[in-house]
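In the part that follows, the structures are each spelled out as structure tokens.
Below, chain A partners chain B and then partners chain C, in two separate complexes.
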Partner chain A sequence: MWEIRRYPALWLLPALLPVALMTLYPVAYALWTSLHSVMLLFPGEPFVGLDNYLRVIQSNYFQDALTNSLVFTAAAAPLVVVLGTLIALFLRRRFFGVQVVRSIVLLPWVLPGAISAVLWIWVFHPSFGVLNGLLRDLHLIEGSIGWLTSPRLAFVSVVVAHVWTQIPFTVVLVMAALAAINPETLEAAAIDCKSSWRRFWYVIFPEIKAMIVVLIVYNALTAFTSYDLVYAMTGGGPGTATTLLSFQIWRESFSMYDFGAGSAVAFIVVLISAVLILAITRALPSDLFGSE
Partner chain B sequence: MAGRANPWTTGLFAALILLFTGGPVLLSLLGSLIPDRVLLDQGKSLFAEGLNFDGYRYVFTGELPQAYQAENANRAMISDAARQVPASLVNSGIIALSAMVLNILLGAPAAFLFARYLFPGKKLSFLFLILSPLVPAVALVTPIYIMLQSMGLLGTRTGIILVHTARALPFTVLILSVFFRKMPAELFEAATLDHCSRFQAFWRIALPLALPSIGATGLFAFMLSYSEYMFAMVLSGDAGARPVSVVMAALARNTDVSWSLLNTAIFIAIVPTLVLVVLVWRFVVEGLLSGSVKG
Partner chain C sequence: MKRRTVLAAATLLAGSFMAAQPGQAQDVTLEFVVWNYSLETIQDNIRQFEAENPGIKVNLTDYTWPDYQDSLILRIRGNTPTDVVYGGQDWLPAWGSAGFIAPLEDVAPKEEIEALAADVAGFARTDVTYDGKIYGLPYYADTISFIYNKKILADAGIAVPTTWEEVTAAAEKLKAGGMDKPIVYEYNQELPNFYDAFVAQAYGRGAELFDAELNPLFADPGNGAYQQLAWLADAWSKGLVQAETHESKIIPAMNTGQHAFTIVYTYVLAALNNVADQPRAGEFALAPMPGATHSTLGFAKSYVITRQAADDPERAVAAWKLVNFMAGKPYTVAKRWAVEKGLGFGQLPLFQDQDVIEAWGKWADVKELGAQAERARAGTYTEFSSVWSAYFRPLLAKAMVGEASVEQTMKDGAERWNQLKEQFASR
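So, the complex of A and B:
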């Protein structure tokens, strides 16, 4: 680490300014909106203090949506990172056709959320879905399983679809982090550690830990603020079984034209995300976020 | 690493990975080649009527698929949105490539500084960068719409490029600084001894070594932009600047649209991107595995 005495504006501002432009004013605007009654159907924008927040927190859907979002995040984020890391470790091997597998793994990435939703609806659809068809052909079931119509199964289905969309990114970054490990470290480890599990845990994992923490944070955020895939697959249903918090922001703002309440949900989401990030980085210390 | 594993387990793992990641897309290819009346009929085998390319012909030439002319079928099953797919791919390509290039150009110097230097205001700048993506996109859409309107950038690709670049930049800086930090310090110490300026250390040493990692990060910025929907939808306005995510969503939300036509559009949208991504990825993987990032 070298010291620079003055703020290196020339190096940093090109990155900071665009981000500031697209966050500071919009956030200020949203904060203002959340403290006022802004409804398209009623003219005037009176100051209402924390009314919007209270109304959101006390409403019926809020607890359901919050619980769903938290469970969704707790299920999806670790699953993505664990599966992604396993696949990345596996794809470093050399075997016939590994090039093809490495490319196919990226497929879910090139699909926008709405399209992934269509593909997974086709897999899970109760009557003409591929999964039920397969189970029927194997004579494992008689009628059909309501993958998207029973609350529990619908939740599992959307988690599977979400994990599918997020895997490639994690694989790419873990592979990149694995490749940055000093080859001599690995050679020494191959001689010292006989079990591949110990080799992973004591040698490889510490080297990629910073990246894993970044990925857990990133995936927790993505899961907590995801809406389009789940919305397109189930519309939040059946009932409120798959209604997520960020979908609620969208619904308040754009389908009910209650921008005040929409912004209030948004700030609640920001607050919870900040707590999530803090909790993750505390639980998994890494020099990345430290002051050093 | 271990290359002597049991070939059977290797094969099994490879097959499972292929099935999970590629399966749904393969289904879509199949669906695009089979008429709806076969797809939706549980009793019929999928290949009862063979494969046909009517959907593809419609997207590129506008000629209606036979099935919908013959059976006085619902006209709503054919959507014009399917015909916008090729043009929207061009839009998406321009937008995502620009966002990718801008991310690397603007983000790499900052990442290098965060990884290697101490300076006043470092903590605050870094905190700002990692906290900014916390705000959900939905909450930012309205104010950003108003802002771009006043700049006259609504309905243009430039506006979308600006937003996408800014949304991806925090991650670009974060990820690249992880890579820059991994580089051995001795390399840079030698550089300071030789009186290399900071720019030279960055340009001559850090950048060339990090090239595959930069490729991976650029790929990330590209994909973030390519698949982003919320801003693209609100900011693109009418057909002119619409990227593929918006067109495909319009098609997917239309519950009347023919499944086989929808799958055709999906597949046409996938292919060029997949080719591009695989090419970049090949470069990244080869760079990474051949050990050009020697520790």
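So, the complex of A and C:
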């Protein structure tokens, strides 16, 4: 009898084992590392309990990185969803060259983060950047603006670049959600609602709001764990102006060679991400994903 | 069938005997790891080495400068075969202490190493020494220079500044005359040279950053390093400084004629004054680092041999041959770097070399350069200084742009130094 009961579990083993190896082991190892002083250039790996967590939280960088990550998420995620939705609505229309415009809009999606960062560095570069050049040509400025070297402007610049890279995915998913709306509903709405805004709010939005929520959660997590753009564009600087928590994991681990502290930051990021998802889903109406 | 088996066995035996013949040095393949500066020159040097040493093949691996130490540490910790590597003065004590690299006396006669080291400039020798033992020979040795545009200063009737206060006055005058940002500064907290440039400026004021027991002194407002950070923050707040993320961007920026001063590795002056590709070549010169002593930071990058190579007799011999070819007498490779690329050198006899004097004379005042090398001082490097520098650099960057106070920055930096010192001592 017991063999029959174990039979399904045994069949699942080939799938479960790699999953366990690829996820549980690294997580367990990271947890072990976060409780030890693992510094690549120092001998030994003594147990330090929660010292890494305490030191990281009390460090100069953590408060800045946490604040930056939260502000970055709060700014970038809604921007991506709002702009992505507006672009998707626009691209639904039929006009000459719409296919070309759709391809151009999707272009950032095919670029790796590092390449996008290089492009944006050339846009924001103080001496020979496109943006300063344009502003100078329009006689709006005389000298140059340090888009990536002034702390506040650097933060804004990184948000802009991040939003640019994330919009295409949002556009694709919103367009998919829009395509799923019954055409008759839209035709009826076109007759009943003269105002485009009312048509969107009362007819289209209810049909796509589940997708919008998914996109908000997805974009919040993507922004909160963003790393590559910051690394390539500003290196977390100037100072700590664009240091995000995910970048701080890298800095602790690979710049200061303190894997214990790096793992501690990683676990803190996981914890905050979980709280973030919970908070977003709690804030939503309970019938959101139900049939309407 | 039996005959065939015997034949096969005989062939195998013969093959294995041939493979085991002593003196077949072509079996030695060295793994040489560098950062990716001028790879074509490195590869050409390797070709020449292989031609002179037919028994040895060299595989070259390169990493970018910002990622170099991370990549190398992970490579060595992961036991990836690695024999000879570029080392940096700030990393050497940590690598030596961690057992990543071996003292040269473990792979070559001590007298031979001492004879080579006797030719090396004082600060460069300090930079390749850890725990009383020499771990490397200089790949290049250089100083950090205060560079200015002669034409801009002459046109504006400004004398070459000798103190940082005079630099401010000159920059303010140029700004009033329409130059938006007279100073261009390599501002990249991820690069070790960001800290090195700061130390060089503090040395110009005559600052000591640490005492003999490695206690930090820079948090004292009377210390030159403290004053220099205050000066930088002040220059930034007055809008005198244009930040650039890398020396490669400083070169075109200075060549726009929109900046008069910069502080960079001396070899950058060679690129600035390169008539082949710089429109304002010839306009740039170095001046003594502003401050009371005009001292600056001297440093050496070196060829070092890994512990794993030192522990394998065949690889150890081959690795030493490679290091000796690259940095040893008659200093052909060091001279090549100096003549072709303007890299500084630690091997003092090259200062008398006519080819070097002639080549350097095209982009610098060789006499001034020699005087600067004499005034240069080595930095303070310990087992944990590279870890500390990675921590401290963003704090410096933050203070420069006015996001943190100088007092708090220096206090935090000193505290972290003491923490690491204690942490390392307890291991």
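As a convention for this text, the second predicted complex is superposed on the first by the 262 of 292 C-alpha atoms of A that agree within 3 Å, B and C clash if a C-alpha of one lies under 4 Å from a C-alpha of the other, contacts with A are read in each partner's own complex, and residues count from 1 in each chain.
Quick note on the criterion: a contact is a pair of C-beta atoms (placed from the backbone, for glycine too) under 8 Å apart; a residue touches a chain by one contact, two chains touch by 3 or more.
Everything numeric in this text was worked out from a predicted model, so none of it was measured.
Peer 1: Between chain B (first) and chain C (second), which, if any, makes contact with A:Tyr61: first, second, both or neither?
Peer 2: A:Tyr61 sits against chain C, while chain B stays out of touch.
Peer 1: Could you look at A:Met39 and tell me whether it touches chain B, chain C, both or neither (first, second, both, neither)?
Peer 2: second
Peer 1: With the two structures laid over each other on chain A, which partner does A:Ile181 touch: chain B (first), chain C (second), both, or neither?
Peer 2: A:Ile181 contacts chain B only, not chain C.
Peer 1: Considering only touches as defined above, state whether A:Tyr257 meets chain B (first), chain C (second), both or neither.
Peer 2: In the superposition, A:Tyr257 touches chain C alone.
Peer 1: Please name the chain, chain B or chain C, that touches the greater number of residues in chain A.
Peer 2: B
Peer 1: Which partner does A:Ser127 reach: the first (chain B), the second (chain C), both, or neither?
Peer 2: both
Peer 1: Taking the stated contact definition, name every residue in chain A that is touched by chain B in one complex and by chain C in the other, in rising order.
Peer 2: Looking at chain A, the two contact sets intersect at 127-128.
Peer 1: Give every residue of chain A touching chain C within the complex, in rising order.
Peer 2: 37, 39-44, 46, 60-61, 126-128, 142-144, 146, 148-151, 235-241, 243, 251, 254-258
Peer 1: Taking the touch rule as given, give the residues of chain C at its contact with chain A in the complex, in rising order.
Peer 2: Result: residues 70, 73-74, 77, 94-95, 97-98, 180-181, 187-190, 242-245, 249, 252-253, 256, 258, 383-384, 386-387, 390-391, 394-395, 397-401, 403-404, 412, 423-424, 427 of chain C touch chain A.
Peer 1: Flag every residue of chain B that touches chain A in the complex, lowest number first.
Peer 2: Interface residues on the chain B side: 1-3, 5, 7, 10-11, 13-14, 17-18, 20-25, 27-28, 31, 39-40, 42, 105-107, 109-113, 116-121, 123, 125, 128-140, 142-144, 146-147, 162-163, 165-167, 169-171, 173-175, 178-179, 181-182, 192, 212-213, 216, 219-220, 223, 226-227, 229-230, 244-245, 248-249, 252-253, 259, 262, 266, 269-270, 273-274, 277-278, 281-282, 284-285, 288-289, 291, 293-295.
Peer 1: In the complex of these two chains, what residues of chain A are touching chain B?
Peer 2: 1-8, 11-12, 14-16, 18-23, 25-27, 29-30, 33, 87, 89-90, 92-95, 97-99, 101-120, 122-123, 127-128, 130, 133, 164, 167-169, 172-173, 175-177, 179-186, 190, 196, 210-211, 214, 218, 221, 225, 227-228, 232, 246, 249-250, 253, 259, 262-263, 266-267, 269-270, 273-274, 277, 288-289, 291
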